[in-house]
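Letters A, B, C and D mark the chains in the order given here, with residues in each chain numbered from 1 onward.
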């Protein structure tokens, strides 16, 4: 059984269909990319999976359990952690506090009103671990709002990682980065994904990034899936080229 | 209004007070030169107009007294501070005057919520409070405390005067519009009882929240009631707003407007909208008696305007206090209280008797009509009826009348 | 800052105050501490969670009316009445917050204002309990069966207020420094992200509003027997606005700042109004000056000074 | 009074009140939509308008001149306040605006007390507005009809301004997306100052028109602040048609609520706000759902 299954997922806004009958299976340990031109419905798909937006039709199953009707925070608690297309951090907190707060969300006594030094200690340990894996240890003490844009993108990934998610959803992790920043970020990410412990669903615009990181690609066009296969096959797919790669130089 | 001179004057008063209070022990402060009278009152906020009148009356009285060598050979000095009409501030200011400035006599405290919050503390402070304008009937009924005295006219007394006047009027059916406030409800209760006693048809009353701006719905209600007269218990901005709008709807052409009280300041602010209004008055400066004539003449020499309603009422309270202090030969609360109880004074409104049972000053009641007069910029009140003290003063410790 | 060390120093100084201060200064200090407790409770919402309330007078008024009613109509000892009033405010807050947290930003502020005004209307209309516009007057300080007659004296009452203040401060400080407080800071800086991390942010918001109301209610409950009355002015929106300004002028998100802000606001108004009728003009200019020259508020100003001295 | 004439009169009452609420709310809506700031001083500009209107009308003997000059003067004061003070604060959070406009409210209230005194001031109507008409035999003041007409004219004028002019387009764009206007290469500072002044001017316009009903008095500001915020929130923040709908809705609830349930008059507006926001968290015509 697949870890994450989408089954006929549809979202309509009035007459507009943002996501149309999308079905997809992501196996444990897989790194899957969802690509498509602007407005293809990639981010909408993420919003549907994570419960930010309610689906008009269809279902999301995670480890066999249906997520439909669950609120966003609860879905996150089942083990799905995401990053945002537009960087979402706690700008006045240090990088370390950012990951700590993220890690704390997965702990039983995350709400503890007094004391809580053991909670903090454990959360800091998990957070520091995540920072190290993304090479951010050197900037751990800096306020997140003052980090470079590249580090901010990686910090968001570190926050998701600190939650030890069973599925990691990355929404355009290199969005807005310069060429050099993108290269180094991709380097870091591919190192992270190399060992195959993580299950990743990746939305990305940049083809270079997708082909470096993903082992399987789903192509969305106007809300519908038009291809779903390994990178080489997708690259060669005529429909995909027409819809997407054709316009991409 | 120019405030500059007032400010420096008060600063002077404050600093002398500060020097006088070398110790926090009240005994020493009391032995100091002047007689200090504390006056927390609203100088800013919606009730500031009333506060300004009360302050002027006290300053005028103090000047008169001090020109004649003071009281008990000591000069009189007012310690004045702004309460914004807020009871929390009023209590704090009063407490400061008592604890820091060694005050043993209070006046001012204009708003009934301020007074009701303050009076329970008087015993603890060992201080006498002589009201200058508080109309809330409860202060001399359920809420009476031994150290409170009211030489001024209360709300029920004003209503009673209007009601007595109505007994002789051909109007049969009456309606009421009151402020949704203790004062409004108390006065309307008295009015309703009086209507029934006089065999009139009381068609009901509505109450508007304080701060109401649009009275159109209330005007519709009054019109629909079919009453020939409507009794108004409104004050300040609400009163001005209602009268302005009633005039725009030509309400006065069909219904006689009656009011518990109206002062010259409101008349000046509302203009012709008040003409024809019949109402009670705590003090109409047009009263014809020698004491009042001398007072009005002296006042006009000082301020070039006639004294307004709250100015007259507050002045009378000061005169009563003066007589009390002279009789007691002291300002200690116990002695002053004994002296004030049963005290009789010939004041600007005629004879005032501070009856011992509930500390209400028995005095005449007046009914006025607002008229336009040649040569006057604003309409003025004209006294159309006067009722003796025993008819307008309620039974002891009561707000409602039984005859 | 050596937080707790400063706390104990302040506690000792305040405890010694009755020895050195004149009578009326103690009255002012007591009232300042009560208002400080109220402002501090609002800081939990405004400073730590960015929940800007225009209706915190609701908590104060509820506490004051509840405590006043109990003191006038029952023989409950004062400490019990205080706790009951605080509890009532906290419970009411859960309902209020449940509705208010449906929206965010200025709409949240306006809904808190709406609730406070509805309570104000209720206090005006529920005559048998609240005394309508007259309010409750002559509220006694009832010592009760424990023989705590010391609470009836001025200094005894001051120590009660001081104890409540210090206790509440310690509680708030523990709360904001615990994991729970870390989540509040997350909500303050980025609520959507906090939700996405898996926190039920609405529950956290409702909880903190309940704590803030309970402590604000405690402040109101302390005020009623202190001043001897409770009336509708304590619930009016203008008072809510003043408390909010106390928090901001003191320095939001610092707990101690709002306490200083409350004392400053009250004393500035009290002292200025004794010298000039135009006190509002000067007070207004002072606030504008603070926004421009001391954006971090009074506590920020003091902190900067202390840092400078430490460096020198 | 029969039911039909009663309903006509009450509706006319409600529309005249709606006009006053609309003048009050629309200026705040414009300011909020474009600047996202909480302007506590809005009620003070409303009050200032009434007092300036009174003085101009008394000095010149013309109500109309008062109605014209007062918004202009108040608008200029508002603009200079924005340029001198608010402009420094756009990078700061809400609390800075709260405190600075609260401070301004205190300063303006006291300045007005010093200049005009504590006594309420009546603004007399020109004779053409002082009359009365009969709606099905029920007397109704001409002035209230004039208020309704003025409200309608102003609503159309603002609507046309927003739809047809470049500045109007900018305002609509900015209330949806502040970044976009930067991208269009517009002097945002100038737009902000202008809009703030315009909002204050509209409040003053409402103040002059309200003065004959309530007299110009020191209590005007405090009530007006809450009323204007309620209109803006019920209508949906930054939505011009929303504030129009909200003004009409609030006025009808006030007028009919006061008639049938006088005990709830004090709470009607707040209950309405709770109800609207519980159903539509963004307000009647607001964007955020």
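Quick notes on this structure:
To be clear about the criterion, contacts are C-beta pairs under 8 Å (C-beta built on N, C-alpha and C of every residue); 3 or more make two chains touch, one makes a residue touch a chain.
Not measured: the values here are computed from a predicted model.
Between chain B and chain C, the least number of touching-chain steps is 1. Each chain gets a centre from its C-alpha atoms; the one nearest the centre of all protein C-alpha atoms is C. In terms of the distance between Cα centroids, chain A is separated most widely from B. Chain D has its Cα centroid 47 Å from the Cα centroid of chain A. The distance from the centre of chain A to the centre of chain B, each centre being the mean of the chain's C-alpha atoms, comes to 74 Å. We define each chain's centre as the mean of its Cα atoms; on that basis chain B and chain D are separated by 36 Å.
Centre-to-centre separation of chain C and chain D, using mean CA positions: 32 Å. Shared contact sites, meaning residues of chain D that touch two or more other chains, fall at 109-110, 113-114, 222, 266.
Listed for chain A are no residues, as none touches two or more other chains. Residue positions 3, 44, 180, 209 of chain B each touch two or more of the other chains. Going by the touch rule set out above, the chain pairs that meet are A-C, B-C, B-D, C-D. Listed in rising order, the residues of chain B touching chain D in the complex are 1, 3, 44-46, 48-49, 52, 180, 206-209, 211-214, 216-218, 220-221, 223-224, 236-237, 240-241, 244-245, 248-250, 265-266, 268-271, 273. Within the complex, the chain D residues that touch chain C are 32, 38, 40, 85, 88-89, 92, 94-96, 98-100, 102-111, 113-114, 222, 226, 229-230, 233, 237, 263-264, 266-267, 270-271, 273-274, 277-278, 281-283. Chain C makes touch with chain A in their complex at residues 174-175, 178-180, 182-183, 185-186, 189-190, 192-201, 204.
On the side of chain A, the complex with chain C involves touching residues 50, 52, 71-74, 76-77, 81-82, 84, 88-93, 97, 100-102, 104-107, 109-116, 119-120, 123, 159, 163. Taken together, the chain B residues at the contact with chain C in this complex read 3, 6-7, 10-11, 14, 24, 43-44, 81-82, 84, 86-89, 91-93, 95-96, 99-100, 112-113, 116-117, 119-121, 136, 138, 143, 180-183, 185, 209.
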